[in-house]
Amino acid sequence: MFFASDNAGPAHPKVIEALSKANEGYAMGYGADAIMDRVRDKIRDVFEAPQAAVYLVATGTAANSILLATMAQPWQTIFCSPMAHIHEDECNAPEFYSGAKLTIVPAENAKMTPETLRASIEGEETRGVHGPQRGPVSITQVTEKGTVHSVNEIKALTGVASDYGLKCHLDGARFANALSFLGCTAAEMTWKAGIDAVSFGGTKNGLLGVEACVMFDPELAWEFELRRKRGGHLFSKHRYLSAQMDAYLADDLWLDMAGNANARCAQLTEGLRGIDHVTLSFEPEANMIFFQMPRAEHARVLAGGATYYVMDGDHTSGDPDRLLTGRLVTDWSMTEDVIESFLALMRG
Amino acid sequence: MFFASDNAGPAHPKVIEALSKANEGYAMGYGADAIMDRVRDKIRDVFEAPQAAVYLVATGTAANSILLATMAQPWQTIFCSPMAHIHEDECNAPEFYSGAKLTIVPAENAKMTPETLRASIEGEETRGVHGPQRGPVSITQVTEKGTVHSVNEIKALTGVASDYGLKCHLDGARFANALSFLGCTAAEMTWKAGIDAVSFGGTKNGLLGVEACVMFDPELAWEFELRRKRGGHLFSKHRYLSAQMDAYLADDLWLDMAGNANARCAQLTEGLRGIDHVTLSFEPEANMIFFQMPRAEHARVLAGGATYYVMDGDHTSGDPDRLLTGRLVTDWSMTEDVIESFLALMRG
Amino acid sequence: MFFASDNAGPAHPKVIEALSKANEGYAMGYGADAIMDRVRDKIRDVFEAPQAAVYLVATGTAANSILLATMAQPWQTIFCSPMAHIHEDECNAPEFYSGAKLTIVPAENAKMTPETLRASIEGEETRGVHGPQRGPVSITQVTEKGTVHSVNEIKALTGVASDYGLKCHLDGARFANALSFLGCTAAEMTWKAGIDAVSFGGTKNGLLGVEACVMFDPELAWEFELRRKRGGHLFSKHRYLSAQMDAYLADDLWLDMAGNANARCAQLTEGLRGIDHVTLSFEPEANMIFFQMPRAEHARVLAGGATYYVMDGDHTSGDPDRLLTGRLVTDWSMTEDVIESFLALMRG
Amino acid sequence: MFFASDNAGPAHPKVIEALSKANEGYAMGYGADAIMDRVRDKIRDVFEAPQAAVYLVATGTAANSILLATMAQPWQTIFCSPMAHIHEDECNAPEFYSGAKLTIVPAENAKMTPETLRASIEGEETRGVHGPQRGPVSITQVTEKGTVHSVNEIKALTGVASDYGLKCHLDGARFANALSFLGCTAAEMTWKAGIDAVSFGGTKNGLLGVEACVMFDPELAWEFELRRKRGGHLFSKHRYLSAQMDAYLADDLWLDMAGNANARCAQLTEGLRGIDHVTLSFEPEANMIFFQMPRAEHARVLAGGATYYVMDGDHTSGDPDRLLTGRLVTDWSMTEDVIESFLALMRG
C-alpha cells in the first residue's frame, strides 16, 4: 500500500529486459547508438511529427530546464501556474538553465485559465527595458494536482500565448496518464493544440529514469545539444537511455502502464467517495488524488501500513479532528487488490 | 576490435543483475533508498573516510562540475592541465556550474608539475580585485593521455596548492584503473595525499552510468545536494543508481574490471612495441594508449575492422607516410584473443 | 511642471561644484582616492556604524543586485513585495547577480505585513531539497507607492525574518525621503531595526548617479568588492563618485534636499485633496503621489504642459470618464510656485 | 610626476563644464535625453556608420562584457591574447555576462598573429558537442602593452575570424590613442577592417567615466539594451553620460587629448632611449611604456617623487641590480615640463 509517488514503484520488467538485451558488445556513445535511431523514429511517429528534434535525458527537471532554456532569453519571464513543478520542485533549475524568471499565473484546478494567463502576460512588458520581457508559457499536463487539461483548454492557453507571439512548453512528466485519460492522440494534445516543445515523461510511468525532449521545430536542435552537454546531461553510454525508451514505446507498453495507473486511481476514487470522513480536493482525472481527512484518521491509516504524503503538517499529534490533505499516487504496477485493501483500511 | 572508448563497452552482467534485483516493490526516491545507505557505507569504507559525504550522479561532467562548484567561487579560477576533461570536453559545464574560469597549467605527460602549478598560481591574484582570484586545483587521475600520477606526484601538487590555501579536486573518471596501476589504497591516492573531493568514476569501468561524488569534509554536503538538484541531477528513482554502485563495489568487482582493462592494455602495449611502424606517444600506464603510425597504416587497420579514434585528421587520403596519432582504449570486457587479433592486424 | 520622476531633475549645483573641485591633479583609482576615505567615515557616522563596509556604485539596480548577491545563495528565494523595484524594474538583475529567485509577498499599501511575510516564508522550504530555500528579505523604503514603513513596521518584518534566521536588505533608493518623513536616525531605521544591508540612494535625491552600499557586518566586504568588479561596477576614476557622495553628506545637504522634495509633495497632496475629480490611491508620505482622475482630465492636464506618468493605459482616447492612475514625483529642486501652477492646471 | 595610469588623471575642464551645462531643468531618463540624440549622431558620423547602434555605459569592463555577451553564446569560447584586459583585469566579468569561456591565443608584442589565431581556432571545435564552440575574437587596440595594431594587422586577424564565420570585437579603451598614432579614420580602423563591435573608450582619455558601445550591425540593439539593464548599467540620469561624450566629440577634443598623451609618451620614450640603465620592453606607440631598469634605480626614482607601477615585485629590497619592469602611462593633461622633470630624475 505505497501511494507516496509514482516514482517509488518499480520499472516494468520489459524495461529491465531491454537493458539486458542492449548490453551486448560495443556501441557508439553520446546518442549515436543504433537504438536511438529507432527511438527517434518511434517518437516522431507517436507525435506524427517527422521533423521533430528528439533527445533523451534522465530527469524531468533536466528535460524542463533545458527545453525552457532554448525557448526563453535571460531577460524574459516564463508563465506558469502557482503549483508548477518548475516553480515549486526544481530548486531554481529552470532559472539556472535559462536565466529567465517565472511569473506565477493564478490557476483554477491547478490550471491557468485563458483569462488569468492573458492578465499575467498583460501585466509584464509594460515597462520597456526595465521589467522582464514576456517569455514562453509552460503548461503541466497532468497538472500537479491530478487534473487534466482538455485539448480545448490547452488550445485556449496556447491561443492566448500566440496572441503575444509567445511559445508554449508542455511539462508532460505524466504525459501518458493524460493521454490515456483524454483518449486523444499525442499530436492532438501537443502541436495540433499549439504546443512547441514537450517534456515527454517516462520515469513516473515505468522506466528507471528517461524523459524525451521533443521540439516540433528542429531549428534549435543543435543549441539543445550544446545546452544538454553544458548541463552535464549527455550520457556517454546513451544506449541505456535509448533501450528504456525503446521498450516503453514498443507495443504500446507506455499506454498500457498509464492505463492501469489511471484505472487503479479511478477505482480508488470511487471507493473514497463512499467514505464519509474523506473529501476529495480536486476531481482526480489521471493517477493522483488529493483528499482531506481528519488528522486522527490519517494517523490511523498510516500506522496501519499505508504510505502516502500528508501535505500540510504533522499527522501524529494535535487536534484529532483537524482536516489534513493527503496525496495518493497510483502507478502502473498496482493491483486491484491493493486498492481494495487500502480502501478497507481507510474505511476503518 | 573496438578501441574507441571505454564507454562504448557493455556494463558488467552483475550490474544488470543488480538492477533487476533492485527492481522489486516500492522504494523511497531521491537517495533515501536502502541500497544507498549501503553504498554510502561501502564508499566510506573504501576511502577509510567515515565522515565523508557521498552522492551519486549519472555523468562524469555532472560529478566534476557540481563538486567544483562547491569548491570554487564565481570570481575565482580553477587550475588544471591543458588536456583536462573539464577544459576540453565538458562544453563549459564547470564554468556554468561554478561561475569560475579555468587557468591552464602547462603539463608534462599530461600532468601538471609542481613547478608549472606554482608558476600558474603565482601568475594569478597579482592584481587585487581586478583579476580572477585563486581557486581550487583539479587533477585528472588517470590523465587524459593514459598516464598515472604517482602518489608522490599527487602529494607534490596538493602541497603546492596547500601553500596557497587552495583545495584540490580529483577527476577520477578512471579512478579504478589508476588504483589498479599504483597498487595503493583509495585513501592513499586521495585524502592522505591532500585531495579534498573526488569524482569517483564507474561509467567507464563497467557501469551503465554512475559516478560517486566524495567530499572528505562533509561541511558543504547540503550545498552539494542543493546544487545537484538545481542542476537537474537528482534522480527520483535513485535506487537504480545505488544498485549499480552497490554491485560495482561488491567483491572488488570494480578492481577486477579495471585490472583486466589494464592488463589488456599492457598486453597491447607490449605488442605495439614490437611493431616498427608504431611509436607510442606516452607511456601507457592504465587502459589507454596514444600512438603514432603512418596514415596509410591507419587506413589499412581501420578498413580491416578495427575501431579507434584518429586524433589529428583525415586518415582516408593524402600522404601515406604522414604520421597520425591514434587512441586505443581497453575496457573490462576485452579478451586476450581480441588483443592478439588486433595486434595481428596492426602488424599487417 | 515635470513630475515624471525624481531622476529627471537636475543634480544640486553643490554636487557639480564638488566634481569640479575633485577634478584637480592625479588621484588613485578604484576607490583608493582620498575623498572616499572621508565618505566612508561620514557614512559610518551617519549610520553610527563604525565597522560597516561602505562602497559606491552608480545605479540603484547595481546596489540592490550586488548586495543581494552577497546575501542570497543561488538555490534560495528572496522575499519582497509585488511592487518591489527588484521584481518589477530591474529586468532580472537581482536574479542575474545572485542566481536566486524571488518570492512575491502580498502587500498592503505597498508594504509586506508580518503576517504575509510569515506566510510566504512558511510556504517555502517545505519540500526539502526540491524547492528553493529561504533567502533574505528585501524591504523598499520609501515604497514604490510612496508610502513609508514606520520603524516599528520595519522591526516587525525583520523580526519575522529573524525567526527563520533570514537576513534583511533595505532598498533605500529614497532613503533620505523616508528619513525626513520619519524624523528618526539612519541607525534607527536600519541596523537598530534589524536591517543587515542598505542600498543608500543618492541618484533620486540630487546626485548625478551614486548609491552607497552599506553592510553593517563587514564579513562579506571582500566578496562584495569582487562581485562589484565582476559586474563591471568598479569605477576607475572613482573620485567622481566619491565627490558626489561627499557633497551629498556635507552640511546635511541630503536631508535638506529630501526635506524640500517631501514638503513640495505635502503641498501638492494638500492641494489635490481639494480637487473633486482627484482621488489619492495611497497616503503620500514622502515625495510620490498616486492618484486617480478621469481620463479626459489627464488628457487636459498633460496637454496643458505638465509631465507625469499615467500608469494604466492610453489617456488620449476612449471614455472620458474612465478613471486612470497618475504618478507624481517631486524632487529637491521644485519650488512652491511650480506646485501652485500645477494645482491650478489640475483644478481646470 | 604621476604615471600610474591614464585613469588617474583629471577629466578635461570642458567635460566638467558640459556636465554643468547639462544640469539645467528636467530631462527624460534612461537614454531618452536630447543630448544622447546628438551623441548618437556624432558617433555614427565619426564611424561613418549611419545604421550603427550606439549606447553608453560607465566602465570599460561593462562595455566589453555586455558587447561580448551579445556576440557569444554560453557554450562558446572567445579568442583573445594572453594579456587581454578581458582575461586578466575584469575578474570574470566577460564570462559572467556571456557564459562563454576564453581561449588564450599566443601573442607577439601583445598582439595575436594571424597564425596563432588560426591555430587556436583550429584547436577548438574539434570535439563536436563535447568542447566549447568557436565564438568571437576580441582584439585590444591600443594593446595592454602599449603597441598598436596597424590597420592591416587588424584586417589580417578579422580575415582569419571571417574564414570561420566568427565575429570580431575591438576593445578600444584607448581607441583615440590608437587612432592618433595610426592617423587613419575610425571607420578604417574598425568596420572597414572587419570589426563588428567596438568598446569606444572615453574614461582613460579625459572623461569622468563613459564608454560608448558601437554595434555596426544594429540587429542585436534591443538585446544589448536588455543586457545593459539586466547588468545594472542603464543610468537613470543618463544625460550626465551623454554630456561627457558630447563634449568629448566636440571640436575633436578627444583626438586632441589623445594626441597630447601620445606626444608626451613619444617625448618620454625618446628621453628614455638615452638613458643607459633603461631598456624598453616594447616599442611604445601610443601612451604607455614598459621598461626594464635595475631595482635600485626604481627605488631611487620612486623615492624621488615619481609614481608608476613596478609590475613584477618588490622594488624596496633585495639585489640592487635585479631588473624590474616598470609601466609609465601618459595622459592628456601632462605637460612637456613634467616629462623633462621625470627624465631628469630618471637619469639620476
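Per-chain residue numbering starts at 1, and chain names A, B, C and D are given in the order in which the chains are listed.
Just so we're on the same page, a residue touches a chain if its C-beta (ideal position, glycine included) is under 8 Å from a C-beta of that chain, and two chains touch if they have at least 3 such contacts.
Quick caveat, the model's predicted, so the values are computed rather than measured.
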Worksheet, complete the sentence: In contact with subunit C as well as subunit D, sorted by label, we have A, B
Practice prompt. Look at the interfaces A-D and A-B and say which one is made up of more C-beta pairs in contact.
Written response: A-B
Worksheet entry | Longest centre-to-centre distance from subunit D, chain (CA-based) | A
Worksheet item: In whole angstrom, how far does the Cα centroid of subunit B sit from the Cα centroid of subunit D?
Response: 41
Worksheet item: Using the average of all C-alpha atoms in each chain as its centre, how far is it in Å between subunit A and subunit D?
Response: 51
Discussion item. I'd like to verify one number: the distance from the centre of subunit A to the centre of subunit B, where each centre is the average of its C-alpha atoms, in whole angstrom.
Written reply: 34
Worksheet item: Which residues of subunit B are in contact with two or more other chains?
Response: 74-75, 90-92, 96, 129-130, 133, 226, 229-230, 234
Worksheet item: How is the touch graph of the chains shaped: line, ring, star, complete or other?
Response: complete
Worksheet, complete the sentence: subunit A partner, complex, touching residues on subunit B are 2, 4-5, 7-11, 13, 16, 19-20, 23-29, 57-62, 65-66, 90-93, 96-97, 203-204, 208-209, 226, 229-237, 240, 307
Discussion item. Quick check on the complex: what are the subunit A residues that touch subunit C?
Written reply: 74-75, 77, 88-92, 95-96, 99-102, 104, 127, 129-133
Practice prompt. Over in the complex, which subunit B residues touch subunit C? Could you list them?
Written response: 30, 73-75, 129-130, 133, 223, 225-230, 234
